[in-house]
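Labels A, B, C and D are assigned to the chains in the order they are written; within every chain, residues are numbered from 1.
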Amino acid sequence: MTKVAIVGAGISRFGRRTDANMNALAWESVSAALEDAGIEQKDIDFYSVGNVGVWSEESLPAVTVGEYAGLTPKGTMRVEAACATGSAAIKVARDSIASGSAKLAMAVGLEKMYGVPTPTIVELIGRAGNYFWEFENFGLTFPGYYALYASAYMAKYEANEEDLALVAVKNHYYGSLNPFAQFQKQVSIDEVMTSKYVAHPLKLLDSSPITDGSAAVILADEETARRLTDTPVWIKGQGVASGSANLSKRSDFVSLDASVMAAKAAYSQAGIKNPVEEIDVATVHDCFTIAELMAYEDLGFVGRGKAVQLIRDEQTYKGGKIPVNLDGGLKAKGHPIGATGVGMAVEAVKQLRREAPKSRQADIRHGVALTHNVGGTGHYAYVTLYGLN
Amino acid sequence: MTKVAIVGAGISRFGRRTDANMNALAWESVSAALEDAGIEQKDIDFYSVGNVGVWSEESLPAVTVGEYAGLTPKGTMRVEAACATGSAAIKVARDSIASGSAKLAMAVGLEKMYGVPTPTIVELIGRAGNYFWEFENFGLTFPGYYALYASAYMAKYEANEEDLALVAVKNHYYGSLNPFAQFQKQVSIDEVMTSKYVAHPLKLLDSSPITDGSAAVILADEETARRLTDTPVWIKGQGVASGSANLSKRSDFVSLDASVMAAKAAYSQAGIKNPVEEIDVATVHDCFTIAELMAYEDLGFVGRGKAVQLIRDEQTYKGGKIPVNLDGGLKAKGHPIGATGVGMAVEAVKQLRREAPKSRQADIRHGVALTHNVGGTGHYAYVTLYGLN
Amino acid sequence: MNSTPNAIKRDEKTGDPLFIDRRELRLRYEIPVKDIYPFFDGLREGRVLASKCKICLALYFPPQGSCPTCRKSDMDWVELGPTAKLLAVTKVCIKPQSFAEEEDYILGVGEFPEGVRALARLLFEGSRIPKIGTQMRIAVTKDSGENPLYVFVPTEAGSNEPAP
Amino acid sequence: MNSTPNAIKRDEKTGDPLFIDRRELRLRYEIPVKDIYPFFDGLREGRVLASKCKICLALYFPPQGSCPTCRKSDMDWVELGPTAKLLAVTKVCIKPQSFAEEEDYILGVGEFPEGVRALARLLFEGSRIPKIGTQMRIAVTKDSGENPLYVFVPTEAGSNEPAP
């Protein structure tokens, strides 16, 4: 495959953004990415826009963002892969280049969730999955999906709610160091444990928030990348897999098969044999605390049932065996659904270029970062490896 | 660019499909495409699903279709480019192969519009474009968009409503010969002229209908294609462009700039110098009769203002200079938004393989077919050239 | 601010001006069920039916009208249950808008001996969350609109929970 | 069919069974307008304002708060009009659900001498559709909810239409 690199990255402030409409919100990251790459809109051959929408007013966001940001008349499309939408947008931009149809492409991730009241957002997220057999009949919610996994995981591996809380404590700690994060404050185990149940056994502080935000990356072919920058961040591999729509089609509830498959494919493409040894920093899909624990195992950071020990030992903090979510993760940085995967890529770029604030900059030894972006509850999984070489 | 070919194509019956839910509707074309290609689901490396949705119940159609059709756990995403969604799905599948990340990929186009009542569908289509400045304030509808173009085109080139009607007469004639079409009956000029105004000067019979339907194509790299079939249909070029979201940002209303740009790019990639001489058959985006006339000019079939003479002279009928929409077009075959572009590809494949019914089979001399798929009113344009060589 | 146009309000927390859409979109879907109609027939008779491919004998729940392996639409309809083992469970506390009026409810995935699984509400005494591994019985009750709906209930022998 | 469950109805044309969703989704958006608030201020004063980049002088209508060329958010606000030339026009007869109560309405795109264009309703006597090329005047009226809204009306000199 033709080598493709990220040559520009930008991100908006995440949070409840009543000050910016969809297009203006996208522009914050698009302009930052153009600035970072040192290029103009006319240099872009194609752009993809990752947006789930329905909670926001524009039904053709790729076009409205393009007009606002001066990207018209470039070719474009919108993509959706639930909460992995941002990574799907990166795949489309990358394949456009790798196929030879573009030299420079942009992937924009965008979500404006606070366009409707919170109960409506809960409704809309709940409808994802299999509508008739899960939502229409039973009112299964999105936290409910992950709560089902948490119930089975905790029963099988004798984990408890305090173990889940450790993930929230870590990610809020790093969120407190990230000025772009939605929650820039630490939380204690007690605060997590006394927060209200959203879907038993998951509590409010086990959950990522509702978020508005955008992120953008600019991708280039090898020649263009080397011309534009001394520190291109190469996409070394990307694995993509899907899981059943109906959760009842899954055979167990302790692991996301799609994550396992996507990781395997990405490692194989990137030549990674021992992830913990060869990866400097990872951002994983912690929409709920249980999701981060399952990710440790699904990505091969530890064996089955060993994730709890990894977080108890603080081995996923900076300086640990495998630092995870040093940007605060979805949990504290926020989870603007369509932007999340692109935001992960932005973080990978900053970490690999050693541009993160010192307090949360990982030790870059191998020059390899991983992003793990899950759509729904393993309905989609996109695992991507980024590298300095 | 790596050569990519279509090796399997399938389509569902188009119409008001109260007998099939979204997944079952998709399965009709997916199973036909698998059958046509002579492969099984496990052979597919990646599939894209083109679906606009909101009028239908499933918000993660790529996943629910995958589960129903036995495509899980293959990698997937949903794509959207308004009415050009199907062509965007083909781009994603093609680039997946051309980039080397897949050998066999499927593009599925799907739309179930009759999931809600007609006034709600009119509302949802109207909201596409720029929501606040066009819909919220003024209630501009989708037919209204094209009607604005019709008013300017007719004024500038002294065309009249009868000229528009000629397009409807032609496409209904071919629809009457297509058992998969929504309208399998001819209409007279009188019937078109006496049908009610939808958005002046466009009438009901100037307009494509609301449609449920699906279509699927299977794409392969050169080696796989040659192994699977003796008649691969190669993608010779694909141009992609966009137009402003706000119609008021357009400088004139007689041509879709995005179509012109996309055609130019596609012709350049495919080495087409004189479209009318080198293309055997075209399917163009006739969501309204005016759209087909503008397409004749935007695609370079005739000079500016000459489209009316082309249809008056019946030169876009079978046997004419450039046969257009021998499947009935969006006008009579139907326009299931996300499926339309894939349905165009299916028609190109059948025409090039000389598998269309004799009464509407074009004379294949150069082995080249064109599809022109517009999203919104030139908000997106995808022009694709297919060939036997 | 008196002179703010009607359609614009100030956000309570940030004070930012927000234009309040005058156009409400209401969506209520009509979902074709022709190919799985035997399921609804069964439900009315108090039975929960899965579809079974006559060719490869694959069992589908939720039921579907075609078998993607055989590419045929030739299905038998077979009854599930009565017992299933609880694989995963939750109590939904933050509810979607359209379930806002309901009490917190318990949902779980039960696995039948035939190998298929179903998600359904759990109706156990006192809204108790049963343990993973509990044997349950599938039953048909009615939803608030008098439509038949399947649920999991304790087995006739009692809760039948695994030892701690 | 008496025994059809409540939630299932037969389609009137095809007789196919359709499950009628019990969950209605209602959507009404709140759209941030902070960066273009001067536009709404202007509208209340009867003026239609475009934003103009202080650096490159590019004019934006609909207005936007940032200039994508200069990558700055430093805008002047300038009044459009009063006259514009009609470039394209339609009368909307089949209306969306949320406009169902309104009479058929006329919409057109007018081009201002400054080069920018606007889409708006046309209020001409007798709901007449004016000819392409007609000179019009932009004005501010109120929508049914008493919110100010811009429209095109005949110029003060009369309809000012081009000769046929």
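Throughout what follows, a residue touches a chain if its C-beta (ideal position, glycine included) is under 8 Å from a C-beta of that chain, and two chains touch if they have at least 3 such contacts.
Keep in mind that what you see is a predicted model, and the values were worked out from it rather than measured.
Engineer: Work out which chains are contact partners of both chain A and chain D.
Structural biologist: Touching chain A as well as chain D, we find B, C.
Engineer: Just give me the whole-number Å value for how far the CA centre of chain B lies from that of chain C.
Structural biologist: So the centre of chain B lies 37 Å away from the centre of chain C.
Engineer: At what distance in angstrom does the C-alpha mean of chain C lie from that of chain A?
Structural biologist: Centre separation, chain A to chain C: 28 Å.
Engineer: Provide the C-alpha centroid distance between chain C and chain D, rounded to the nearest whole angstrom.
Structural biologist: Whole-Å distance between the two chain centres: 42.
Engineer: Would you mind listing the residues of chain A that make contact with two or more other chains?
Structural biologist: Residues 18-19, 21, 54, 57, 120, 123-124, 127, 130-132, 135-136, 246, 249.
Engineer: Can you list the chain D residues in contact with two or more other chains?
Structural biologist: Those would be 16, 18-19, 21-23, 25-34, 96-99, 143.
Engineer: Make each chain a node and each touching pair an edge, then name the shape: line, ring, star, complete, other.
Structural biologist: Chain contacts: complete, every pair touches.
Engineer: Applying the document's contact rule, which stretches of chain B touch chain A when the two form their complex?
Structural biologist: That would be residues 1-2, 21, 46, 54, 57-60, 62-64, 66-67, 71-82, 88, 91-92, 94-101, 124, 127-132, 136, 238-246, 249, 257-258, 261-262, 375-376, 379-380 of chain B.
Engineer: For a test of understanding, state which residues of chain A touch chain D in their complex under the given definition.
Structural biologist: 17-21, 23-24, 27, 31, 34-35, 41, 54-57, 68-70, 114-116, 120, 123-124, 127, 132, 135-136
Engineer: Show me the residue ranges of chain C that touch chain A in the complex, using the header's touch definition.
Structural biologist: 11, 13-14, 16, 18, 21, 29, 31, 61-62, 87-100, 102, 105, 107-109, 116-121, 129, 131-133, 143, 149
Engineer: If we count contacts the way the header does, which residues on chain A are in touch with chain C in the complex?
Structural biologist: Within the complex, chain A contacts chain C at residues 16, 18-19, 57, 119-120, 122-123, 126-127, 130-141, 143-144, 147-152, 155-156, 196-202, 246-250, 252-253.
Engineer: With touch defined as at the start, can you tell me which chain C residues reach chain B in the complex?
Structural biologist: Chain C reaches chain B through residues 19, 21-23, 25-35, 64-66, 68-69, 71.
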